[in-house]
Amino acid sequence: MKTGRLEAFSDGVLAIAITIMVLEMKAPDDTSFKALLMITPVFTSYILSFIYLGIYWNNHHHLMQVSQKVNGKILWANLHLLFWLSLIPFTTSWIGENEHYTETLPVFVYGFVLLMCACAYFLLEKALIQYHDDNSELHKLSKRRLKDYASFIIYVIALPLAYINTWLSILCYVLVAIFWLVPDRRLEKAPE
Amino acid sequence: MKTGRLEAFSDGVLAIAITIMVLEMKAPDDTSFKALLMITPVFTSYILSFIYLGIYWNNHHHLMQVSQKVNGKILWANLHLLFWLSLIPFTTSWIGENEHYTETLPVFVYGFVLLMCACAYFLLEKALIQYHDDNSELHKLSKRRLKDYASFIIYVIALPLAYINTWLSILCYVLVAIFWLVPDRRLEKAPE
Amino acid sequence: MKTGRLEAFSDGVLAIAITIMVLEMKAPDDTSFKALLMITPVFTSYILSFIYLGIYWNNHHHLMQVSQKVNGKILWANLHLLFWLSLIPFTTSWIGENEHYTETLPVFVYGFVLLMCACAYFLLEKALIQYHDDNSELHKLSKRRLKDYASFIIYVIALPLAYINTWLSILCYVLVAIFWLVPDRRLEKAPE
Amino acid sequence: MKTGRLEAFSDGVLAIAITIMVLEMKAPDDTSFKALLMITPVFTSYILSFIYLGIYWNNHHHLMQVSQKVNGKILWANLHLLFWLSLIPFTTSWIGENEHYTETLPVFVYGFVLLMCACAYFLLEKALIQYHDDNSELHKLSKRRLKDYASFIIYVIALPLAYINTWLSILCYVLVAIFWLVPDRRLEKAPE
């Protein structure tokens, strides 16, 4: 099987997930500046989630670029990733409901879904590497894991932090996003 | 006609159906753990429906992989399948409204839509086989029907069971899903 | 310019339009059979609109199949068609709000949008024919217009009928749908 | 990297953005002509936003047509553009809430998002030009900037005008739309 349709389907789900979040941003009730400010928390979490989904789309794009074929296992690993990514709009909407981001549970759940997305992506990568014995580019990926491991560790630290101070958790989530946004040229050359 | 655009359109509809279900999962009203638990039934039915739509996408993907051409009849058989699949988010939302899944009608309707999806898929397969006289791979499909027939029988049993105990019906739906999730290597080699 | 991306974009818009209609079918408030019956009008109009959008997708698919290139004018003729098609979910939702379909205005507006879709499709076809001087298949289309003209006439009759009896209008809309659903082999051979 | 998947993803997001706006047009509460008139402002702003998104899709289509490759920077410039375009449904919904378009803030925010879209598109174009040293068609774009600059200037004028008279701002937005709708043959030949 070729990767074409898996890419098309993933593009579809990601495009919808990234766009329906904006549906949660209901138009303010009146036209005052105060009413506009009321949607700031939803808007802020929309930006973060947009960036996260953008990162996943980018990485997925790169991953498929170096892959040539898929099997049933990979299709399901991909659907598993899409499942967790599809929950991001839900958690974004919940986290954005609280004006000051001080409620523990939404921040915790948001981080948990991000962690599960990272795990699902890791599993997809593994399934692809396993299926392409002879693909040197994919195998190189399995050696460059600094960023992946760092993200995992930060998420795992961020989750309990939500019970101490939600802003510390959010800082961790932002940190991971920045981590992946910065072009990874130097990291790629860093020793493992 | 080539299969390309039929695949693209089906991917679009399936990607939307699989993602809009998450829109039914409204963010909890408050940030308590209890409020989060309240969405458990919606979440559980979301998982089952996600897996079902995933199975259909996978099978559709395989079916189109071995097909080369489509005619008007196949286009409509495909739209017929998409119609029933597009009803899954609606039934998922209804079944998820009841905290303990003990209401007969939503469980019955959920199963009925699944049964109609199976029928529609069967008709699509038949239309494809009929149009490809010379395609041995598609014709092989018409001989391996164990899974299809078993699913039909389980659905037909599950529907009246909803009037006795809804959990028995749900068990049947889960059974069929597992049935299709398990790689069918052994089944393929099983004698007919 | 190739037709590829125009097709992809149109597929996207049509797939969304056909699927979001189902969002209007809110899960019934309770689990009684009566509550399920309450959504019958929405469901019935959903079926009709699904078939209409399916017909347009099918015809669009055929039209693009015989076209090789597009220009700016065709892109806008296509967007114009998508605009009217995107209004179908809105009119479907309005027409489905009335349990007995006896209200004039929703039925009138539904028919008006269908008429505008037909006009927009006609304009798109014309723009394509004009741009492909040397395409005999497209030019053949401009000679087989029986169905198009019949549809126009039926729509124009159906609109004022909504002020006499809404069911007569709905009958007209159903008639046109059947008209296009029936394979047009005989019609194609009919003398013009 | 090829442009294929970037186009597919952008098509997806644009198709969803252009279609979900129609979800904001709730079916009127009753079936009177007055109730239908009530949705006129939402409908009018839907038309304008549909045209704007259509223009961006068209231009994006042309831009990608002359590009052959993308890098990480271009992927993010594209996501940045999609972010601002995804906000158009939200601002459309807000601007359409006020029956007479006389409220300053929604009109201001609508124009601000349009300005940011224009900036994001400009950045995407720049990133593409920079990456294609040897692409004469893309480089020609960087010389024909009359329309871009004119649009920027009109937006910048339109924003403060919203505090004087909202209709003047709206006129500016319409003007820019017409500006881009008119085929740019003459402009292309105009001296820079």
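Which chain is which? They are A, B, C and D, in the order written, and residues in each are numbered from 1.
Please note the rule applied: a residue touches a chain if its C-beta (ideal position, glycine included) is under 8 Å from a C-beta of that chain, and two chains touch if they have at least 3 such contacts.
The chain lineup, named per UniProt: A, B, C, D = TMEM175 family protein.
The structure presented is a predicted model; accordingly, all values stated were derived computationally and were not measured.
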Required steps from chain B (TMEM175 family protein) to chain C (TMEM175 family protein) (each step between touching chains, minimum): 1
Interface residue overlap between copies chain A (TMEM175 family protein) and chain D (TMEM175 family protein), same or different (over half shared): different
Separation of mean Cα positions, chain C (TMEM175 family protein) and chain A (TMEM175 family protein) [Å, integer]: 38
Inter-chain centre distance, chain C (TMEM175 family protein) versus chain D (TMEM175 family protein) - centres from mean C-alpha coordinates, in Å: 27
Interface hub residues of chain B (TMEM175 family protein), defined as touching at least two other chains: 8, 12, 15-16, 20, 23
Of all residues in chain D (TMEM175 family protein), those that touch chain A (TMEM175 family protein) in their complex: 1, 5-6, 8-9, 12-13, 15-17, 20, 23-24, 72-73, 75-76, 79, 82-83, 86-87, 89-90, 93-94, 97-98, 103-106, 109
Residue numbers on chain B (TMEM175 family protein) that touch chain A (TMEM175 family protein), as the complex places them: 7-8, 11-12, 14-16, 18-20, 22-23, 25-28, 31-33, 36, 47, 50, 54, 57-58, 61, 64-65, 181, 183
